[in-house]
Amino acid sequence: MESMVRIGFLKLGNIATSPMVELLLDERAEREDMEVRVVSSGANMGPEQSEKVARDLIALKPDLAFVVSPNASTKGPTSAREILAKAGIPTVVISDGPKKLLDELREKGMGGIIVEADSMIGARREFLDPVEMAIFNADTIKVLSVTGVYNVVCDTIDSLIGQLKANKKPELPLIEISRAMAVEASGLSNPYAKAKAGAAYEMAKRVSNLTTEACFKEKEWEIYTALCAAAHELMRSASVLADEAREIEKYGDNVLRRPHHRDGSVLKKRKLIEKPR
Amino acid sequence: MESMVRIGFLKLGNIATSPMVELLLDERAEREDMEVRVVSSGANMGPEQSEKVARDLIALKPDLAFVVSPNASTKGPTSAREILAKAGIPTVVISDGPKKLLDELREKGMGGIIVEADSMIGARREFLDPVEMAIFNADTIKVLSVTGVYNVVCDTIDSLIGQLKANKKPELPLIEISRAMAVEASGLSNPYAKAKAGAAYEMAKRVSNLTTEACFKEKEWEIYTALCAAAHELMRSASVLADEAREIEKYGDNVLRRPHHRDGSVLKKRKLIEKPR
Amino acid sequence: MESMVRIGFLKLGNIATSPMVELLLDERAEREDMEVRVVSSGANMGPEQSEKVARDLIALKPDLAFVVSPNASTKGPTSAREILAKAGIPTVVISDGPKKLLDELREKGMGGIIVEADSMIGARREFLDPVEMAIFNADTIKVLSVTGVYNVVCDTIDSLIGQLKANKKPELPLIEISRAMAVEASGLSNPYAKAKAGAAYEMAKRVSNLTTEACFKEKEWEIYTALCAAAHELMRSASVLADEAREIEKYGDNVLRRPHHRDGSVLKKRKLIEKPR
Amino acid sequence: MESMVRIGFLKLGNIATSPMVELLLDERAEREDMEVRVVSSGANMGPEQSEKVARDLIALKPDLAFVVSPNASTKGPTSAREILAKAGIPTVVISDGPKKLLDELREKGMGGIIVEADSMIGARREFLDPVEMAIFNADTIKVLSVTGVYNVVCDTIDSLIGQLKANKKPELPLIEISRAMAVEASGLSNPYAKAKAGAAYEMAKRVSNLTTEACFKEKEWEIYTALCAAAHELMRSASVLADEAREIEKYGDNVLRRPHHRDGSVLKKRKLIEKPR
Amino acid sequence: MESMVRIGFLKLGNIATSPMVELLLDERAEREDMEVRVVSSGANMGPEQSEKVARDLIALKPDLAFVVSPNASTKGPTSAREILAKAGIPTVVISDGPKKLLDELREKGMGGIIVEADSMIGARREFLDPVEMAIFNADTIKVLSVTGVYNVVCDTIDSLIGQLKANKKPELPLIEISRAMAVEASGLSNPYAKAKAGAAYEMAKRVSNLTTEACFKEKEWEIYTALCAAAHELMRSASVLADEAREIEKYGDNVLRRPHHRDGSVLKKRKLIEKPR
Amino acid sequence: MESMVRIGFLKLGNIATSPMVELLLDERAEREDMEVRVVSSGANMGPEQSEKVARDLIALKPDLAFVVSPNASTKGPTSAREILAKAGIPTVVISDGPKKLLDELREKGMGGIIVEADSMIGARREFLDPVEMAIFNADTIKVLSVTGVYNVVCDTIDSLIGQLKANKKPELPLIEISRAMAVEASGLSNPYAKAKAGAAYEMAKRVSNLTTEACFKEKEWEIYTALCAAAHELMRSASVLADEAREIEKYGDNVLRRPHHRDGSVLKKRKLIEKPR
């Protein structure tokens, strides 16, 4: 019997890909070909904490590790991935940026998946509280789901798992998920559903223009608070539009579903009342 | 200087409280009074895996541990919490049920938070794929955020942290979050916003009537697939209604925001353009 | 020439099936095979009034009588149906409950149709005025129409009329309309339209959980008023969702229409611009 | 003790005022100052049937009678009201038209309430089936509720009841409900809510332009079927807009509620959580 | 080489057809068979100004002239078209009315296109400011686009251009655009999309009932201001419904597109991803 | 008596500011202090045509001229403004870009208003037909109206008119309308309305990222057609969100209205039923 592949996720801070990423791999908890370990320091992604939890993850002996965090060029995520890599664990970064990091990762033999539409939250004390944070994540999760971003992430990791199961050395991905790539992966069939998904993606991506201005550039609190609010309204609209795109597929009974089989393979179906194959 | 409190989260399988729970405590990653460790086995909540990750969490030496999972009476979560408790770690269950578990937890000196509106997903292979799973979580997160459920969870944990910081033995909570409790905690000010939140809560709670029928009772695949779809439509409607409730508060510029201060205290504000206090 | 069948409706108090029930049988006032008599005491369903109007209906000599009321186990409706039955008129109860009444009706040789989704209104003086009452009825009528509940009611009565026309002793129905039965009868063709109808049905049904609490259990007026409001928001959401289900059918030009023919038979069509057959 | 006033309603055929009219007077079935008797021949409003049920109503001895029907100038309603009037019962017509009938009613000492926005349904066999009929009624009921039409009807009847209770000869009303009169009676407080209600009223009123063309003028079935569909879409939009008007009042916690007291008097309140006075 | 046809537009005051009319002819600025000249006096349509700009347009030597204005029976537009006609330029009026003008135009050898759904704006100082004006135009433009009104206008002018290109004396049109004509020209394929477009058209047309009352009959400022607001809400609802009609076509990937070819011919396509032919 | 100021508009090609710009100045056609002349070559903005119409405008002797066009750095608009300037007419460019043009305009003594949110249309033959073009304009007009862009434009021109009326040499503006500037000018009072307007603005502005890619960079027709569709969906969402922002103001009866007085001054009001002052 082949042994199970063990995938490790190190979560430092939060982007909207983070809370869903390991669940995407095994949405009904049926897979028998792999197992998952997640270690996280919660919202905190300071260097010290990041290093600690990186070591904690090493102790759990993953065959492959993902370091999921915002801004992967900051100290915490950087140290964490280097600790993992030094321990001989194939390591892939999942982050909202920066895109140029991919070059560095390539050089160091690491992988990277840049999720540009997973925009930064409006993290100002005058604006962001636990409820607003959760709502923003909900909206972003909906956008990333429908527009195909999660499909790219999931397929990429599934492919790595396949390589590990085949005892191959995994070819670590260096991907910058773009609108075209995402919408293609979304499997949306109606061209207007695709157009709406594309527009939703564009909105989601532009949220970070507002939030980075709000969080890093603007000093006046009345202005940055208003900017945060505008940014979250933008994500909310993106979420509404993404939802509309999926509704179109429901109206035509064309929703693509790609459930995982117990053995890790991916099935497919379009009509609601049909068996996946 | 007082030492930091370390809160451990053991996540077994997934409910919609799970992906957000530790983030609720420190929404902008600024707190200096506590730190978080999360360990998870992903979607899998089998006994063996659950026990392993429980031990892994013990190794991280939390002052207080939460075991977050669906159906806490199943074997995995049960073993996990007992391992944690035996290790002398004050342990609190967070789950969608069963409610009667609270008695058992009380007897064993453990705590419990039952989140009844955090309904089970439609976990059938003919229906649930990664995208559908993520969308359901997004919808549920929105409902739990707006209707006040997360506020109850967050306040409860914050209170425990406060006790630990004061070097008290924490009084472990035994809470069954009800509609009334949640809506009260939501801080919604407009009475129709509250009414809509109450209705959204009721919908979310009733989702599990459909999903448990679909997942555990119904054998015919055409029927359980349709039931899963109805259940997720119900959650989507709940999400839309919850969103409407929050919009009412925006229309009146009355959104309650309760950001955490760096020192862990909770500030308050209502008008968007005002400082929290 | 065969004589016309005369159907009597005794309406005591109001449920949302009541204002539409006789109209469902002859939506364009063209039928030549039956006639209708309705007698009602309006909102009042006290025993004395109920008995009076029951006698009034007997005077109109219906071949078959329906007693339509909320809670058919209360005194008024009970007396009324017994008076009708004693007069030798085949009698069928139409009510929102209680379900267990069906056993009693069977024993007494009467029929019964329990419409569980026809939930009780939020009948508290602090909440319900004429306008709110009418709006709640409008919302409920929409839900019952689209989700197929009215189809079950109408088909059941049409079948009884058919038996009377054929000079058969009518087999009185003992039906508890369930979600599955209703959605099946709705004739919705798109599976997501069905799912939305199913969810709308579930919401409508759950309204009574809130209204019975508000009207019969809760004593504090601030709380029961808020509960009534939540209940009506729930019905409003159910109405919106039911409407959405029907829109899906319009979008696909698949709305099932089943007009009555002049001779009482039921025709069918799907495309808007086609003749019913 | 003063004796109860008995109000009779003769319902011939159907307009959307008809199913709600007696319920408006006693929305929670608490009034002790009056009682109601309704007699109806269902959808059928042929002369023979109308005369029969008119006599049936006389047998129930109402102190005041309302003849509620579409197009009150047709034979059935005309005969019916004359039979009632001859029997010495003060009689008031409630109908969607024609407006000029009011002159005739005045001359004959009868009353009349013309509800112009209660537009004719799209009664063509290719279009109208029981479900479509019920949906149209639901939409129209919502429009008539929110825009204040029902308030005018209800207040007018309440006033007549008051006169009867005071043993006065009732001054029979001759009213043509207009947009201005309705919106004024609606009690909507926000001027944009009023504007939306006014627009909804206008839409509802214009529905009959389309349906009369569809039902009485147009001979080609493809065209009249399409006209019926357009007419019902117009009423649906009116319903959506009326609903929006009421939502505005909810958003400001300004919904006017005017519940009947047990003694028939009318109370008032605006804030949801306050006692009516 | 055939010379270009030059079409002149004289715009006096504004209706919602006015800002788009010349753009409809050459939506991507590619046509090589004709050119356009527009002269306008802006919102002002007084006689003196109208005559001046009419002469200015003559100086630009159009082969054919359109006088686009509200109420074409007023002095300014009347003088303007007579000046153009006297100069020997074939002249066509485009206006919202009055319809009877068509007879006069026929007699004088002029053409006319009456766009009845292009209803008058709520032009009262208490209501209309630049932003409200632009919003009303946006809503009306959307209605006229989707419901097919612009298609009739565009096809009519294209046909005249075709005649001029063929060196024929143009047969000046005398058209009163009706709902049926517009919806037919809209090319909407789904019958419910057509029904919604028809209802939207009807709403747009009825706006002028309210605005003419508000602007010309009602003297009390509180009343006419409210009427203006109701009128604009009516147009806004028409716009929403028209948009819904077009969405239906998107949902079925059936949007009719009829782009102009460089040579002025009109191509056609339905599926988004197909070439026009 | 002071003589009227005459403002000339030269419209070359189309942006969504163009169809409304002169109407913004005199929304009810009442001003007595200025008059307007518009000359346009329609959609065509080729150099030859542009020069011709520039000369035509000179013939109409405007005191001040605006050249309104897309991309003002192209040949047609460039020649046109230089012809006007050479004729000694103070000339102001209104365009969607490029922003760097402002420097050049400053040097040449001309003015410029860059309206960045007035994004380019999806001008591909496979996508854009007259109806799609008009719909895009309607959506964009709504965004520019509500978000305050038109207010900036209108105020700027009004200020120039004021200078001319005072016989001053006008100080030609050099403005790049930004989100902050627009939202400030919008006069929206609710901070969430402002946030939504800000997000709508951001969406509208980003449309051009998609359309320039679609029109100038992408060669594959399937891809650029899809990009055009995504771009227009983005503008449609922006329009919906802008509309929502204005609705918030209606809900609070706070819509700012700034009608022009007959003498050109600008009045103000907030409540619908109050006089502007």
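Which chain is which? They are A, B, C, D, E and F, in the order written, and residues in each are numbered from 1.
By definition in this document, contacts are C-beta pairs under 8 Å (C-beta built on N, C-alpha and C of every residue); 3 or more make two chains touch, one makes a residue touch a chain.
Since the structure is predicted, the reported quantities are computational estimates derived from the model, not experimental observations.
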Each chain counted as touching subunit B and subunit E at once: A, C, D, F
E-F against A-E, pair bridged by the larger set of C-beta contacts: E-F
Most distant chain from subunit C by Cα centroid: F
Farthest chain relative to subunit B (centres taken as mean CA coordinates): E
Cα superposition of subunit D on its sequence copy subunit E - rotation in ° rounded to nearest 5: 180
D-E, A-E or C-D - pair sharing over half of the C-E contact pairs: A-E
Copies subunit B and subunit A - interface residue numbers shared by over half, same or different: same
Distance between chain centroids, defined by C-alpha means - subunit B, subunit C (Å): 40
Subunit B-subunit F separation of Cα centroids, rounded to whole Å: 50
Approximate Å spacing (C-alpha centroids) for the pair subunit A, subunit D: 57
Per-residue multi-chain contacts in subunit D, two or more chains: 191-192, 195, 226, 229, 251-252, 272-273
Chain pairs in mutual contact under the definition given at the outset: A-B, A-C, A-E, A-F, B-C, B-D, B-F, C-D, C-E, D-E, D-F, E-F
Subunit F-touching residues of subunit B, taken from the complex the two chains share: 250-253, 255, 271-273
Subunit A - residues contacting subunit B, complex: 11, 13-14, 19-20, 22-31, 35-45, 49, 53, 56, 59-60, 123-135, 137-139, 141-142, 144-146, 150-151, 154, 221-222, 225-226, 229, 236, 239, 243, 246, 257-261, 267, 269, 272-276
Contacting residues of subunit E [partner subunit C, same complex]: 190-192, 195, 248, 251-252
Residues of subunit A that touch subunit F when the two form their complex: 180, 191-192, 194-196, 198-199, 202-203, 206, 209-210, 223, 226-227, 229-234, 237, 240-241
